[in-house]
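Here is the structure we will look at.
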Amino acid sequence: MFNCNVRKQLRDFTLDVSFQVGRGEILVLMGDNGAGKTTVLRMTAGLLTPTSGTIRIGDRILFDNAAHIDVPVENRQTGYVFQNSAVFPHMTVRDNVSFGLRARRLDPETIAARTADWLERLTIDDLADVRAGQLSGGQKQRVALARAMVTEPSLLMLDEPFTALDAKNQAAVREWIRLCVHEHDIPCLLVTHAVGDAEAVGDRLCVLEQGRIVREENFSGTHG
Amino acid sequence: MFNCNVRKQLRDFTLDVSFQVGRGEILVLMGDNGAGKTTVLRMTAGLLTPTSGTIRIGDRILFDNAAHIDVPVENRQTGYVFQNSAVFPHMTVRDNVSFGLRARRLDPETIAARTADWLERLTIDDLADVRAGQLSGGQKQRVALARAMVTEPSLLMLDEPFTALDAKNQAAVREWIRLCVHEHDIPCLLVTHAVGDAEAVGDRLCVLEQGRIVREENFSGTHG
Amino acid sequence: MNVMADEKRQKFRARAAKGIAATLVLIVCLYLTLPLVALVLRVTPELLMTYLPNETVQKALWLSLLTSGIATVTVIAIGTPAAYFHSRTAYPGKTLVDTFIDLPLVLPPAVAGFSLLLLFGRTGLLGTYLHIIGIDVAFTTLAVVMAQIFVSSPFYLRQAKALFEQLDPAYEETARTLGSSSFRTFISIILPLTASGLISGAIMTFARALGEFGATIMFAGNLPGVTQTMPLAIYAAMQGNFDVAIAISVLLVAISLAIMLAVRLLTRNRKYDV
Amino acid sequence: MNVMADEKRQKFRARAAKGIAATLVLIVCLYLTLPLVALVLRVTPELLMTYLPNETVQKALWLSLLTSGIATVTVIAIGTPAAYFHSRTAYPGKTLVDTFIDLPLVLPPAVAGFSLLLLFGRTGLLGTYLHIIGIDVAFTTLAVVMAQIFVSSPFYLRQAKALFEQLDPAYEETARTLGSSSFRTFISIILPLTASGLISGAIMTFARALGEFGATIMFAGNLPGVTQTMPLAIYAAMQGNFDVAIAISVLLVAISLAIMLAVRLLTRNRKYDV
Amino acid sequence: TGTTGSDNVTTLATTPATGGDIVVFTAASLTGVSADLGPAFEDANPGTTVTFNLQGTQSLKKQIELGATGDVFISAKTAYTNDLMAGGYLVNETVKKLTSNYIVVILPAGNPGNITSLDDLARPGMKIAMGTAEVPVGINTRTVIDNLANSTLVSSGWKEGVFDNVVTYETTEPGVVTKVSLGEVDAGFVYESSYKAAAAGSLELVPIPEEYNALQIYTVGVLSDSTNKETAQKFIDFLLSSEGQEILKNYGFTSIS
């Protein structure tokens, strides 16, 4: 269970949200441009500090300003795909994908196996040895997705992860996201503007407006 | 009428396309990730040089390797919205949008009027004095769109221009694109992966695969 | 349990790394400031009061600021477009040019001044011809500026090259498609986005020019009011009364730091969220 | 018609701008190389053959390379983490530290050497205590390295600071979310992405250390084999036969350029499409 | 440029000279002659090594005051020697006058300024280089010019004319020599030893009569901190011996008897 209850003063308004996501559940965040979706994800990842509030995954407290807890980014075990893919341009596709595993010092066989697995799932195995700076937009996005999911995070956050993907890959990636969330039984936060995507992959919906949740609703069993 | 007939050796395959777009017509380029869509746009804009071929708008030759013609980027009068918006982070939203008009040395009133007009059309007028580096993803994309369309180019090229937009803005932007193309009676090239977008805004479709056009088709009068 | 222990260890390591880095900053600061403290401790206010109003010192100070200023402006004016052209154009002999730019860095200043004299002096390679048409540059204020330009330009050129090469090409490309000429793009996009780095390079250049001694005395000589800059005045004073030399040095340091601080403050907020 | 004329004018302007820029590059090249040409023209092969095998020269050369190498490595080792910490952490007195880094740039080298002597000399501020525990640094090879570090470190520190500040934070942030500690992120993301600029800074530092004269002779003395680096040997040679000084200088320049060229070639392909 | 005659270079400063090794703090104008003095002494005293620390006398003095360890000090300015004696840095009874040097006027080969007499130095348009008022050579140059101005050798207004022609006041003697030998100035005032040290044929000489000249006196003494005062004294004795004086004479120095 992921609990997020935070406040932060932004340039044009105050962000003030409170929501939770169950294990194995995908919560879709929608809302107008500039509503604060990316800001919520950045605070959860630890890249921005909320003014007040708490953030928890299960009983691990990631942030609690009253208790002065603020777990550093690298220990939060979140998988976060940025709105702009931010692949490491100096590394090959393979090294990009295995980066998080190497950071966790897994043994080389596990790294190789899991990396190969996700390269194949996102059909970037033929680009494995290409420098990631030389990819097309959609190829970069798949690298960023594989890189986040391969680490088996305890919370997955995706900021518009389908935008640059072609139709074939969009379908495939949706499936892999659902599988990843269910397999590891983790909560997932997904930001998207496409209602189709939201319905196809999400379990529940939160709509943000000017930094507040104005609507919550369940998608009724269209999948899974 | 826009004519494009170019070849270029890429890392994994040879790009070899030939197509044309009429005035007031919107041609949608679709195709798998890495098929070469962005490359076609970059060659048309003059940011990449084809190995051979010709590129023409009406009877203005932009590129002809046989005749050794290669018009510099800034004289091609194309409006090109990049896959990643590339707003100028050191300028305000207003200065971003008016940039192309100032480069063309129009008189200040015209610049102010046209800029104000497009700021309003893309509903970024309330952000006019904000530094563009401080915007959300969708806000940046709208700035990039306004910046390109305000110049009234003789060819409009859009690389996945809707991806970061919220639903409301997507609908609006589609309309403004169609209006812009018809008003100025210019050809338009649009890259997207969303069939919905393609149908809603496009007149004709070209599907690229490994650098070749494998399918062409007309969208039958669903709009305009 | 294990995870917790791991996290603790990692947290501890992160703290340790931060502590070490902070200590290194402290070491750097102490190493760079303590010598000056030792120097300043030797300067009595009376000493300063006695020698700073000195006419020779004031002439030298004024000449130093003037020549270093002109040298820096010249380097910026010529170096910026040159570095831009260099970083954006593929031309034959490009690597060679890279090496040329490093030349003055590795030439001991006195030898650099000697080379300039061999080139521009009355009997020099070019100087012979200049002399015939009545132009003698050696031993003039112009020679001071030329020597300063020679030794200080690499600092600006290298910095500018690196900045232009590192800038994301998307901004430039976008501007070009919007009809902006390369000149306009350079002025309104490239320069503002690299300004903070360019200013840093200009400061290094100015500082190097201000401190220039060896090449100046060799090529321009040491004539009060004409070619005697502060470092030359300091060096000359050192041969006589050391305390005078220290007093003038402290003055030079104070003024240079003030100028550099002013430039830094005036050009703040040149960083943008990208 | 009008459009065509406009385009022609613009094309002409673009060409003119390019031509001017190219000319500026040429001017820069000529200005930086011609003096060296004038210098080299004076060196006869016999002269080189006579003096280069000279024992004193070889000792000085070896000492120069050794001390400058050690100084550069030290600056890199301490300066890189310090600059990183500095550019990523907000701490009190940050602007002051920025100013401290500029200090050695504006201190005339001879005065810098004197300051070091006042601090570390046997009767100096710290030196007094070091002397009690049996450590005397002045007039040793260590003093040479210390003087070089003092005068050359700003070039690396400034460059490193600028590069770290300019790097897109998205890469670093992504790495951190992937579980990479700040140390690991620094090593595997920050360093490779800034490598080419850091190397450029290191080259400037090495060059400055190699050419260091004023601070060295004051703080370390001019003792052949112990503290007499190449610039000091050149200075000594200048007291007698000038041509010898030139021959040694040419040797120094040739070797430094070779080293810098080697570094450049070895570290090529450090630029990535971003 | 050999400034040392030794192979053994590892022992210095930190560990004070031991055995037969001595460090000589030497005025820079003795650079040339030091290359001969060192080996000659070492040959005469097997097992000894002489290392010269060659710099301007003022720098040497400052270094000694700030704790530099050496064995012998050779000064180009008596005032500095007196300062150090007063400060207890020298073993006073060892301090001796070593040698001396006269001021001369040097001209570039070919004499482009067409200077045939001292009077010509004041001719408008001449370019002259001399030492600054702070360095020993500059101080002596001024004394000489004053002496000459009061003599019948030159016309009235000569002194002002000469100073008007100065284009550079050099902080080192080699600075003057360089500019003259390149032909960048028409004349310069230096020590006779510098004229002798320059490559043959690169300079021409206008002597200044002894009665108007200013004698530059070099002094030598053992440093109080020396850990090898015995060898130090030996070295001084050698310098003052006829052999040492002969070597100095070859380099243009004038013996003091």
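When the chains are written out, they are named A, B, C, D and E in that same order, and each has its own residue count from 1.
Keep in mind that, in the parts below, contacts are C-beta pairs under 8 Å (C-beta built on N, C-alpha and C of every residue); 3 or more make two chains touch, one makes a residue touch a chain.
Quantities reported herein were computed from a predicted structural model and do not represent experimental measurements.
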Handout entry: For chain C and chain D, chains touching each
Key = A, B, E
Practice task
Would you kindly say which chain has the C-alpha centre located farthest from the C-alpha centre of chain B?
Solution key: E
Exercise for the section: Could you compare the number of C-beta pairs in contact for A-C with that for B-C and name the larger? Expected result: B-C
Completion exercise
Averaging C-alpha coordinates per chain, one finds the centres of chain B and chain E separated by a number of Å equal to 79
Completion exercise
Distance between the CA centroids of chain A and chain B (whole Å) is 30
Problem - Approximate Å spacing (C-alpha centroids) for the pair chain C, chain E - result: 36
Exercise for the section: Any chance you could list the residues of chain B touching two or more other chains? Expected result: 72, 74-75, 84, 134
Handout entry: Where chain E touches two or more other chains at once, by residue number
Key = 59, 62, 178
Problem - Contacts with two or more other chains, residues of chain C listed in rising order - result: 10, 14, 114, 118, 168, 181-182, 235, 238, 242, 274
Handout entry: Chain pairs in mutual contact under the definition given at the outset
Key = A-B, A-C, A-D, B-C, B-D, C-D, C-E, D-E
Handout entry: Sites on chain E touched by chain D in the complex
Key = 1-4, 7, 9-10, 12-14, 23, 28-29, 31-32, 35, 51-55, 59, 62-63, 65-69, 172-174, 177-178, 181, 197-199
Problem - Residue ranges of chain A touching chain C (in the complex, touch as defined) - result: 72, 74-75
Practice task
Flag every residue of chain B that touches chain A in the complex, lowest number first.
Solution key: 11, 30-35, 38, 83-84, 130, 134-139, 142, 159-160, 163-170, 193-196
Problem - Contact footprint of chain E on chain C as seen in their complex - result: 114, 117-118, 121-123, 138-139, 217-218, 220-224, 227-228, 232, 235-240, 242
Handout entry: Sites on chain C touched by chain A in the complex
Key = 7, 10-11, 14
